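Please find one structure pasted underneath; my questions will follow.
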Amino acid sequence: MNNINKIQTCTLGELMIYQIALSIEDGILAFHGFGSPLVQLALHLAKRNHAPNLVLVAGATYGINPSPAFLTPTTNDFAMNRDAECHLTIEELFDLAASGRLGRMFLSGLQIDRWGNMNVTRLGNDERISLKLPGGGGGCNLSADAGHVTIWTAAHRTHADEHGRRRYRLANHCDFITSVGHRTAEGLPRAGMPYRGAGPDCIVTDLGIFGFDQEGHVQLHALYPDTSVELIAESTEFDLPVAANLSTAALPEPEMVEFIRRLDPLKIHERELSPADRGRFFQLSGA
Amino acid sequence: MYTQNDKRCSLTELVAHIQNGDCLAIGGGLSWREPMAALRELIRQNIKDLKLVGSAHGIDVDLLCGAGSVAVSAESYVGFEQDFGMALNYRRACETGAVKVEDNCCYSLVQQLRAAIQGLPFMPIRSVQGTNFLKLHPEFKTMTCPFTGEQLVLVPALKPDVALIHAHYADEHGNLHIEGPPVADILFAKASKKVIATVEALIPHDELAKKGVTIPYFYVTAICETPYGAHPTSCYPRYAYDREHTASYYQAAKHGLDSFNQNYLTPFVHDCKDHDAYLLAIGGKARLTILEQWDQSMEKWMQLYE
Amino acid sequence: MYTQNDKRCSLTELVAHIQNGDCLAIGGGLSWREPMAALRELIRQNIKDLKLVGSAHGIDVDLLCGAGSVAVSAESYVGFEQDFGMALNYRRACETGAVKVEDNCCYSLVQQLRAAIQGLPFMPIRSVQGTNFLKLHPEFKTMTCPFTGEQLVLVPALKPDVALIHAHYADEHGNLHIEGPPVADILFAKASKKVIATVEALIPHDELAKKGVTIPYFYVTAICETPYGAHPTSCYPRYAYDREHTASYYQAAKHGLDSFNQNYLTPFVHDCKDHDAYLLAIGGKARLTILEQWDQSMEKWMQLYE
Amino acid sequence: MNNINKIQTCTLGELMIYQIALSIEDGILAFHGFGSPLVQLALHLAKRNHAPNLVLVAGATYGINPSPAFLTPTTNDFAMNRDAECHLTIEELFDLAASGRLGRMFLSGLQIDRWGNMNVTRLGNDERISLKLPGGGGGCNLSADAGHVTIWTAAHRTHADEHGRRRYRLANHCDFITSVGHRTAEGLPRAGMPYRGAGPDCIVTDLGIFGFDQEGHVQLHALYPDTSVELIAESTEFDLPVAANLSTAALPEPEMVEFIRRLDPLKIHERELSPADRGRFFQLSGA
């Protein structure tokens, strides 16, 4: 308790973790994949707080409801899987998704377009790959199958190079569509596809919180205490509609912050953030 | 059907089951239970032009790309997660065109393996359509479902030539026991034409049966007792992931292929005549003991990641 | 997704999850681990018009047929093997038309369950064509394989309303542990809309986890601790098959439905208000002890079959 | 050894077990299904003798290479599965068959036609079932998928009723085709079907041993010491070609007989035989 009383601020990472956690419904089965410490922490935070009946499936190990010893930088580690209640196999997790029983999945991309399509496969084109990315794991399948998708990225903010050019994370175009949002690679609306899931309904970035309008287009929903519509628009390649009830994102409670810090003593989740963003702090309201 | 009584062989003989140009399924996942000793032997044997299939991989695929053993990658993820980031040798090989990129997705791979396991020409799947994977996989077909009228994707059977697995235990007959996540190893074992396995230890069948048979012997072509055969990846509960060694690997790869050759491949693969020599090169008993003592205290465990 | 913390309920409440007209998948197989106590309760609750799906069954399906609970049988085998031969109540019900015969085959059933588990409208299969099963299953379709040009059969997804299982152990959360052959229980659990289970004993989660979770809790709707819930079928290693009781069952069935009603259903189902009363009726502790002592010597074990 | 020296005859059941065993190749995977004690014993006999590398899958339990305590009258019993080396699941066994890895299966029928099609589903027709049989388990699937099929029946012999009518086991017509032989229900040759397996190549009955000719038609291969071509023809509804090299079936060695008797102390396998056939004995050549 003493520790918690001392917590008067949260970091950007902690805010993002909390916001990702808020997208997670109680009583669903959700899977955090690998290479996603912000999401891993968000799932554990959600389960501890508003979603005690969450069926939490750990990425890479497919353990259910583990109590990680501490967050490790690589996901398929016994530390992440400690005391799992039971286990799935790789095929079972994907079957659950394909049969409509994966309530929510978390996906990211080096390019995210206005429909929530994403690219984690490559930059360049069929003839010439300018940057080979690691690939999407099961994101392609799960973007179609999961009930809902939370998108997150900690690299929304762009900086102009010496020629004033920016490489946008929220971009007009994906060089390769690894996972589908509300329009397919061919531009077809998602509703016409035989997918199980409803697609992305939330994007949590280093700059704000976004949703999707009825057309399936990204829409700004909430700012952070240190961001603005203009700042966000500057780092977004496409025109960004703003929700009528634009708000400022809620911050986590001190005990949530304490929980995150306890679960991630090595601060693995900060590796998702830019060095500059690691210095962003927000005053907690209760403090 | 592999039914010989005694499947033990040397690491050299084990790896010789892999031919140039084979489709190879590597077991394990990310930093967990990769058959690294066998992969180093594969490089020493100069086996080339492999097509790699798998789900989430890291140093295993990256090492083979760095050694020039790979012609095609049909993995769904190759990287070092938040640990080190991109897989540099893999990335280079893909970008220069040395390795042809045929990225796949986890469930598509699962369904392709299942088709092989079930002796079917294909399996249906709902996802994939609407993405650009169909461009990378012109062999995928689509059909209109005669029950629902929906469009489905049909992914053809995938029958790797060889599945290469590192398991905890085997008996002489080839029954394998894996502790912790099997990842896709069981699917690979059932779908592949040959299964070769390194194991931490050979134990009598009775002992193995008590632990549980993860992969029945008749799928398994040959086995080789290779303690620490997953190093530098983990083989919990026996030993943890060697992040320090992996960091030096990554540094070597970071400064280009020459650096990787000189600072990693030469000292840790080519100059090691066998796995024992490798274990000495990475620090011998002293280093291995540290990795084995991960469970002595939370502090010791955490220190491995600092 | 069943996620409540405490899934315990009474046998009456458990069985009330089954509705008239439901498609019911019964776990176990032949004389092994049939959920007999729950089936007797189902008869007491007068649940009717069930469609039964499964692979190899015996007294479980025969009992329900004798009680008039079944409208359709889509099992692949119902009988008493070389033990007693044909399932007499089942046979009568099929021959009079009281039960509609929609016999299936084991692998067709597996593929239909897999389609449900994978959220697919169908699964392909090579076999079945060329037999008369296609007449019993007009819902099966055929297609020309776009990869090979062969003709394949497409069997539609089968999603039972309820899977009814008898397991050895559960924890309160609903994780189940089965020792020995799971038969089709895991497939049933994954494919069905609801899973209800009787178990020999409820144990703390830690203890269950050590034994191994056969079916994860979130598939499981409700559980009821019901020791000897498989009697007269076996639940090894706890107790063996009660062949003597089964012989008296068979004799009762042999002399017609009236005899079966009078000599079996009345004394062992309707006149037993609950499972405890049934256990007394079949001989109580004395009889159960004999079944539990199968492993005391080979002679004792063999005597159970004489 | 003393026991073995005393064995001077074998029973019909033991002869049939031996003959079924002879159809089993070494090094294959074979499965004995349930309700088939003659076959269960044959597989164990084969593994102990000429097929040590047989992968013996026990019916109902799917245990591999068990050492049964004793044969039980119902197959899904721990006694049958004792000390199994490892286990398959139901789906794995059938997958192995469907992928061409089940070398041999053993099937029977209440009606067996000249092409090796069999009926274990029902007598009668679609409108009226005159006899509901237990059903075929997985026989339908396995008759298409298994590399080879051994057919067996202990009820080949027919007896005329008071009107001189016989109900043939080897019959002109199957009321229902549960499992396929060399012609489908529609009369198509097996070669035109996309099956994995080559179909039945051997029938072991209480009267003799049969094979199939190039057309896929049942053909008499060997008599028993107490049967004749005429006797067999009388009990066979269709015309029965006789192989050029018709022989008398080989009898088991005394140690094989002793093995069978040890494995089946309750004589469960005799339940497959008619009461009269339980009294048939054959003098062993070595005796």
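By letter and in written order, the chains are A, B, C and D; residue numbering begins at 1 in each of them.
Keep this in mind: a residue touches a chain if its C-beta (ideal position, glycine included) is under 8 Å from a C-beta of that chain, and two chains touch if they have at least 3 such contacts.
Only a predicted model underlies this, so the values are computations on that prediction, with no experimental measurement involved.
Two chain pairs are in question, A-B and A-C; the one with more C-beta pairs in contact is A-B. Inter-chain spacing, taken between the CA centroids of subunit A and subunit B, is 28 Å. Measuring from the averaged C-alpha position of subunit B to that of subunit C gives a distance of 40 Å. A separation of 44 Å divides the Cα centre of subunit B from that of subunit D.
For subunit B, the set of residues that touch two or more other chains comprises 119-120, 125-126, 148, 150, 152.
Residue positions of subunit D touching 2 or more other chains: 87, 98, 145, 196. Because contacts link the chains in a way that matches no line, ring, star or complete pattern, their graph is best described as other. Across the assembly, chains come into contact as A-B, A-C, B-C, B-D, C-D. Partner subunit D is touched in their complex by these residues of subunit C: 29-32, 55-56, 58, 75-83, 86-87, 90-91, 94-95, 97, 101, 103, 105-108, 110, 114, 125-133, 135, 145, 148, 150-152, 180-184, 186-187, 234, 236-237, 240-241, 243, 298, 301-302, 305-306.
Residues of subunit B touching subunit D in their complex: 1, 3-5, 116-120, 173, 175, 190, 205, 209, 213, 216-218.
Contacts from subunit D toward subunit B in the complex involve residues 27-29, 53-55, 64, 85-88, 92, 95, 98-101, 103, 145, 196.
Residues of subunit C that touch subunit B in their complex: 119-126, 141, 143, 145-148, 150, 152, 154, 156.
Contacts from subunit D toward subunit C in the complex involve residues 34-35, 37, 60-63, 69-70, 72-79, 81, 87, 89-91, 94, 97-98, 121-122, 126, 129-145, 176-180, 184-186, 188, 190, 193-196, 265-266, 268-269, 271-272.
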